[in-house]
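As structure tokens, here come the structures.
There are two complexes below, and they share chain A, which is joined by chain B in the first and by chain C in the second.
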Partner chain A sequence: MPSFFKTGTKKIQSKKESSPSQPSTIKPNITNLTYNIDDNIDLIKDCLGSPPDLNVRKIIIDAATDFSVAMIRMDGMSDKKEVDFSVIEPLSKMNFEQLREQLESPNSAEVLGRLIAVNKLEKMNDVDKVVNSILQGNTGILFNHTSQVFIASTRLIDKRGLSEPSSQTVIRGPKDSFTEDLRTNTSLVRARITNPKLRIETLNVGEITHTNVELMYLNGIADDSILQELRNRIKKIKIDAILESSYIEEFIQDSKNSIFPTLISTERPDVVVANLLEGRFAIFVYGTPYVLIGPATFIQFFQSPEDYYQNYYMGSFIRILRFVSFFIALYIPGLYVAIMTHHHALIPTTLLITLAGQREGVPFPIVVEALIMELVFEVLREAGVRMPRAVGQTVSIVGALILGQAAVQAGFVSASTVIVVSLTAIANFTMPFFNVAIAARILRFLLLLLGSYIGMYGIMLGTFVILAHLCSLRSFGLPYFDPITPFKLLAQKDVFIRLPLPKQMTRPEPASPEEKNRVQGGGRNET
Partner chain B sequence: MKKKIRIGSLQFFCLIFLFELGSAVLFGMAKEARQAAWITIIFGIVSGCILFSVYLGLHKKYPDLPLTAYSRKIAGKYIGWGIGFAYVIYFSYLAVRVLRDYEELLVISQYHNTSLLTLGLYMIASIIYVMFKGFEVFSRVSQVCFFVFLFVGMPVIILELSAQLLQPANLLPVLENGWMPVLKAFFPSTLTVPFGEMVAFTMLLPYVKDHKTAKKIGYAGIIVSGLYLSFRTAMNIAAIGPDVRIRSTFPILTEIGLVEIGNFIQRLDAIVLVILVILGFVKIFIFFYCALLGISDLFNLNEPKKMIYPLGILIILSAVLVAPNFNTHMDIGFKIVPIYMHLPFQIAIPVLLLLIAIIKTKFKKSRTNQST
Partner chain C sequence: MKRKFVFILSFFITACLLAGCSNYRELRDAAFIAGIGIDWLKEKQRYQITFQAFSPSPAGSSSSSGSGSGPPGSALFMAEGRTISEAARQASKKFSRMPDYSHVRIVIIGDDLAKSESLNFIFDVFERDANIRANIPVLIARGTSGKEVLSVIPATEHPVESINGKVKNSAKMQGENQATEVYQIINQLSSKGSEPTIGGISVVASKDPSSPNKKATKLSGMGIIKEGKLVGWLDGTKSKSISFLNNQIIQTNESIRCDSHQYTSVRITDSRSKIKVRMNSGRPEIVIHVNALGVLDEMLCNRKIMDYDVLHEYEQKTSNNILSHIRDGINQAKSQKSDIFGFGDILHRQHPEQWKKNENRWNDVFSKSKVSIHVNFNLHGTSMRIEPYPYK
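Right, the complex of A and B next:
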């Protein structure tokens, strides 16, 4: 995997130079389907390198006229039962005389379709397309004396059932989450929006993996110029494989080297639905439960779906709490170090004496102490994610007891530093979308160092830099700090506090201007 | 500056507000007027509006050009260029002075052992970062800063009130020694700092949407910030009295230092320092940026951003070299700069330019009338 990241683009370039457009697997001597069934089978086998999971079933129907039929499919990718009952069984019982006559006629697919009971039957004679269809799990039906191949859609891949979201949980609200299967994911959204305006477009990304990427939006409500920009950006992606939606994210986001996310990723269908209704788009990628949503603003990363499912007093309170937590996660270690190093006078005298008493005998300067504890916590956290379930207990005991309590008792670190670090850690977990918490996780080291070096002044200047960076970001043309700066008074109803839903009758910025009102005549009862 | 920069009206207001507060809050205004200082500031608002109308008059004639560009159109190619260059030096010098002010503030209040150079370096480094992001980003940042200012500044006022710090008797008697001290404090120091410093906005007015918004928001900005300053000064006098105020270098810190509630909320200096750093940041940025704009305009630079580093380094070094110590710095600032720099650059040259421009257009009109 790591080597892939480095050489991915190079590989594609070198491949392009050697063989433009033609897939390298096809041998140059036989490139087209012939009228001989055995040649065709061999050709397809050659293309795929006769893998063990390729299932070829050949039936000789009439030995006299050498009329035979063959079914080719990938085992494990296709529905075995459906192939047995809907394809093989009718074919073995058919009236072959009539069929043979019509095989070369243009409506042969219809004739065959009357026999074979699958929901989609296509006819093709391009070997690349046939191989691709078989790779997707469809069954190729070949007859002797014809170069046409019939493709019956029999795709069936084992997938996991719906489960509860693992990273974005709520107390009140829907408990289903996306899975790895693209169609299941789109159906979860479609089931929630029964409206013909919901549109899905398919795009194919990844020169080797051919991953299905689907773009979903509400026609008319989403801004067309943003959608066009999105399509262009996705088409421009040059990569060999798409394994997760983050691959797409890295290619299409406006600022490639920002630490802050400019697209939301969620595993909750209700979040996708809410965002589609606000005129945003969603990008579904096969093989991952995380769906991308954009354009996103900074404020959105603090909006949990639960804010809307609870009483709006509670929703607003929790949202403000989240902003405070973000502030704590970002600033408290830096402020703690700055105050303890440079601004003792800020602390009330009694508290200062307590803190100084704790620090007595601690051998390190306070920066080193804080840095060590922050790093130890990061290590513990990473270990907590990676470790096998069975040893989970050990890590938490070692982390909490030995590193926490024993370190304080041994006099390596002061208790106040441990408190500050754990407060930071806990505050970091309140973010509903973890990718904005990552920004706070990394930037707090910067602020910690600044704070230790020149105190609050340094932290202030660091804040200016972070703020300028945030203000310069855009997500698909939308300013990242949208309703705050540039300031929009009407949009403040859903920023720091959430007003009751009857007051929220207009859509926020990215929605197309003609569809500003959520319901017809809705904007009027808004104050 | 190929891409057209546009700043919104609220952002423009925030810029003016924070800019005007800049050094004025720091050093306390019109100390010599004693308890009538707040009246002096009201005078300042009026004169500031009059001065701003001069700048607006120039802006109306050349809505798309900064001062350095239209000085060439009005006063001719060579003299105009000279005037423009003088303004570049003036703006850079003001950036240097404000930077030094804030460096001294930090050294005196919190960082007794830190060198001026270090403090200046960090300030200019962050300003340079923001400057590379562009003026639009800066105006957005200053808008957020304005909210922070409200969010932090208002509670401080409430805390002062609840700490029972204010003694209205300190403000009495009104006009103890007649109008003379008020006028003396007004001219030239209150007139020029901060109200005359709006001359920097002659460089920035082209970024505002149209002349009408510039006029409306500009006056609103001056009046609101002036009233705030007047109110804050009155509070300052009520809290510490006119005598302490004259003797103290940073009256605002003296005032805040007195706040103590329930033995827990005390020493709010650092919080006020946060606000002061915001104000300093905005003010230094604007002067720095005006100088940069002037240079890129006078020398026709395609890439004005290339000049950011040299100019920044120049400002850092000059801030240390501009005066050997704080007292000399203050002396120059209060005695020499207002008369020999602020008066000509803020009043004389703009007024002259406007007069010439008006006469020129009249002359042209009469000539066209004659010819037809």
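Right, the complex of A and C next:
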């Protein structure tokens, strides 16, 4: 059990003890389970603050000996039918004599297990653990005359069904995506890798939320030192709540202040599978469909799963197109402003005259114009995400017609600026992973300002700074620019172009060195 | 962390100091100069500079595309000064925008300036100033001034584009007029073994009845420069000699006599020349070999082209034509004592020790040179037809 778990429970205990508002007159200082069933019920209720969704069902089995049983569960978190048929029904019909005798014996859970038809039955007598189990949706079974509590796993939470991925779509390829439920998510991966090497480890993060975080990797293929480092980093997380995998990401990434992501987040099971097979790890977090993958390199953010699902000529072409788009999204506004204000000599004369004609009578300097249009687009985009579905059309009409067409006609902005801004915007959407597009979105402004200040020289300076930063980044010790710098010739098969799959028989860098070949005796197809 | 930050900051500050010159200029504050005319005012002893600027038509209310549809307008303004730079600065009194010289397409030198004043120094500003290029074509306003040439406004194009187009077209189609660029002129002016030639442009009366303009510009000849001054013109087919010897022929055509009064046209598609120069008892001996290829592109007389003898005759006649162009060109250059073909440079490369002895009086030595020209022309096709169509 991780250390923060214990400190968390300590806090709860100390609060209870020192709390003056609690009128604990009847049962003072009872913090442990006793042999009295009513006391135990009250204790658990106390711990939870008697919430309305706490369901307590007490059955007196034998009034003479005061033998009774109580089932405690959280309503809405547990399977009501299963509790009714598998727990309550057998308990009410049981041969209590025999059971009563063996309640205190070490194999009581086994005895009870013969009666109760649930997946998993555990015995515990620590109140904190009991409360936690109940909070997870399990049913606590209490008997009189014993301090042991039996926990029947009856967790069932309403969950969304599988649906198509919403942010990482492909034309050809699997159409399922992760959901908020962690177990569904791991099953989607396990169904694709039916191999005992697939390992899952559970960790608990969040001092208040106790969120389940599961770590998945292929044993032997993933590098042990990276996994150990990952476990250490996750254990070091000190936070009250984990609401999304990004919470984990911010804590465990190598460079906390970088604008570039060093972990992939995906909602596609096939992406997770492909990365596991390359020796990477995946982190599943309860409550979010986005799974983290690491260690990640810069190139990976340009690799869409579809690159591998279609003809490799097309895959390579599209990938190069994506690099170009990234360049456009990052540089074009800056280059546009730099050339239009500092380097008129670089524009072909005919184009220059056309551009100059457009600029006549436009009131603002070109850098202000470009900045305004970029910001307007960012506003439109944010509004597009945030707005209710019903007004969706309004925004597109206002955005496209009024801001684009009318602003040019009214002479507020020049047509060329609108073209540049929209080209940038479209190019930004070609990234298969959203978080690397964000980096381009922000750095674009930096380059725009540098370009307007000292022209192409500024763009060059900005490029050097960005490149230096990118080359200094690491993801779990793996250089961010991995197969490019340090240059590895063999790994170039899947960088700018994708070679056919038979030629891709070795795993990339993060995989452990003993498992470099994808298949046994592999690399034979490689020439 | 702090040290790293200071390091990065110092990097940025130094980087900004190293930036050199850069100037922020909005497009709407700049006037893009398309052509420059340089004239010499004898009475005032000053240069007169004529600027032909692109004037972007303002973004109209009807079409938002600006001047994208029609040809850009032009604006002409003039200034005087003792130097070209002074004149350029003087122009600011007459023009509301900052002139931008990065798109100058043509420089036109007035006849007076070329004949009486030396051209040696006027190109200095093109190399010295960072804002103007050195690869701009130069023309001499033949019998007129740069101002006059730039004042001719054609109906469909910007005046400078029109002149530029003529130069390029003529060089490509005919090979008689080559665009000589500023840096080439500077190279040739500063070399002892060659002299520049600069194309000429003259103003003629426009014969186009649909045109609103009474004047038009026309390319005419290549000006021979000697020691910085214009001394004569190579006209007509003679000016092809420069293109042939400098391997600048892209296409040209030769008309050869095929019977008593009709001609046949041969299109020359490729031409390579090899020149050898050496000194022989104080006289330069220049041996020129020209290998040319071409096709028959028009026949005005009915000859059996399948016949080898006819073909051979045509080839021979074309060779003789080319030979005569080259010979006439060289003869004129010799009579004007100006080595416009750069034979001196060739001698310098081939026989440096011989060149050393003659370099200081090269133009005189050149005028006495013995020239032998060998032209080998091959017809390699008769275009789309073989025999001419039969007629009664």
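Here, the second predicted complex is superposed on the first by the 499 of 527 C-alpha atoms of A that agree within 3 Å, B and C clash if a C-alpha of one lies under 4 Å from a C-alpha of the other, contacts with A are read in each partner's own complex, and residues count from 1 in each chain.
The rule is short, and it goes like this: a residue touches a chain if its C-beta (ideal position, glycine included) is under 8 Å from a C-beta of that chain, and two chains touch if they have at least 3 such contacts.
This one's a predicted model, so the numbers in the text were calculated from it and none came from an experiment.
Superposition of the two complexes onto chain A shows a clash between chain B and chain C.
Once the two complexes are overlaid on the shared chain, A:A415 sits against chain C while remaining clear of chain B. Of the two partner chains placed by superposition, chain B and chain C are both touched by A:G455. By the document's definition of touching, both partners, chain B and chain C, reach A:H342. Looking at the shared chain after the overlay, A:C471 reaches chain B, while chain C stays out of its contact range. Contacts of A:T485 after superposition on the shared chain: chain B is touched, whereas chain C is not. Of the two partner chains, neither chain B nor chain C is touched by A:P500.
Using the contact criterion defined above for the overlaid structures, shared-chain residue A:G392 touches neither chain B nor chain C, since it reaches no partner. When the two complexes are laid over each other on chain A, chain A has residues 342, 345, 454-455, 457, 461, 465 in contact with both chain B and chain C.
For chain B in complex with chain A, the touching residues are 8, 10-11, 106, 110-111, 114, 118-119, 122-123, 125-126, 129-130, 133-134, 137-138, 140-141, 143-145, 147, 263-264, 266-267, 269-270, 273-274, 277-278, 281. By the touch rule above, chain A contacts chain B in their complex via residues 339, 342-343, 345-346, 348, 454-458, 460-462, 464-465, 467-469, 471-472, 479, 481, 484-487.
Only residues 340-342, 344-345, 349, 352-362, 365-366, 408-409, 411, 414-415, 452, 454-455, 457, 461, 465 of chain A touch chain C when the two sit together in their complex. Residues of chain C that touch chain A in their complex: 8, 12, 15-16, 19-20, 22-28, 30, 32, 34, 54, 56-59, 61, 64-68, 72, 100, 102-103, 105, 133.
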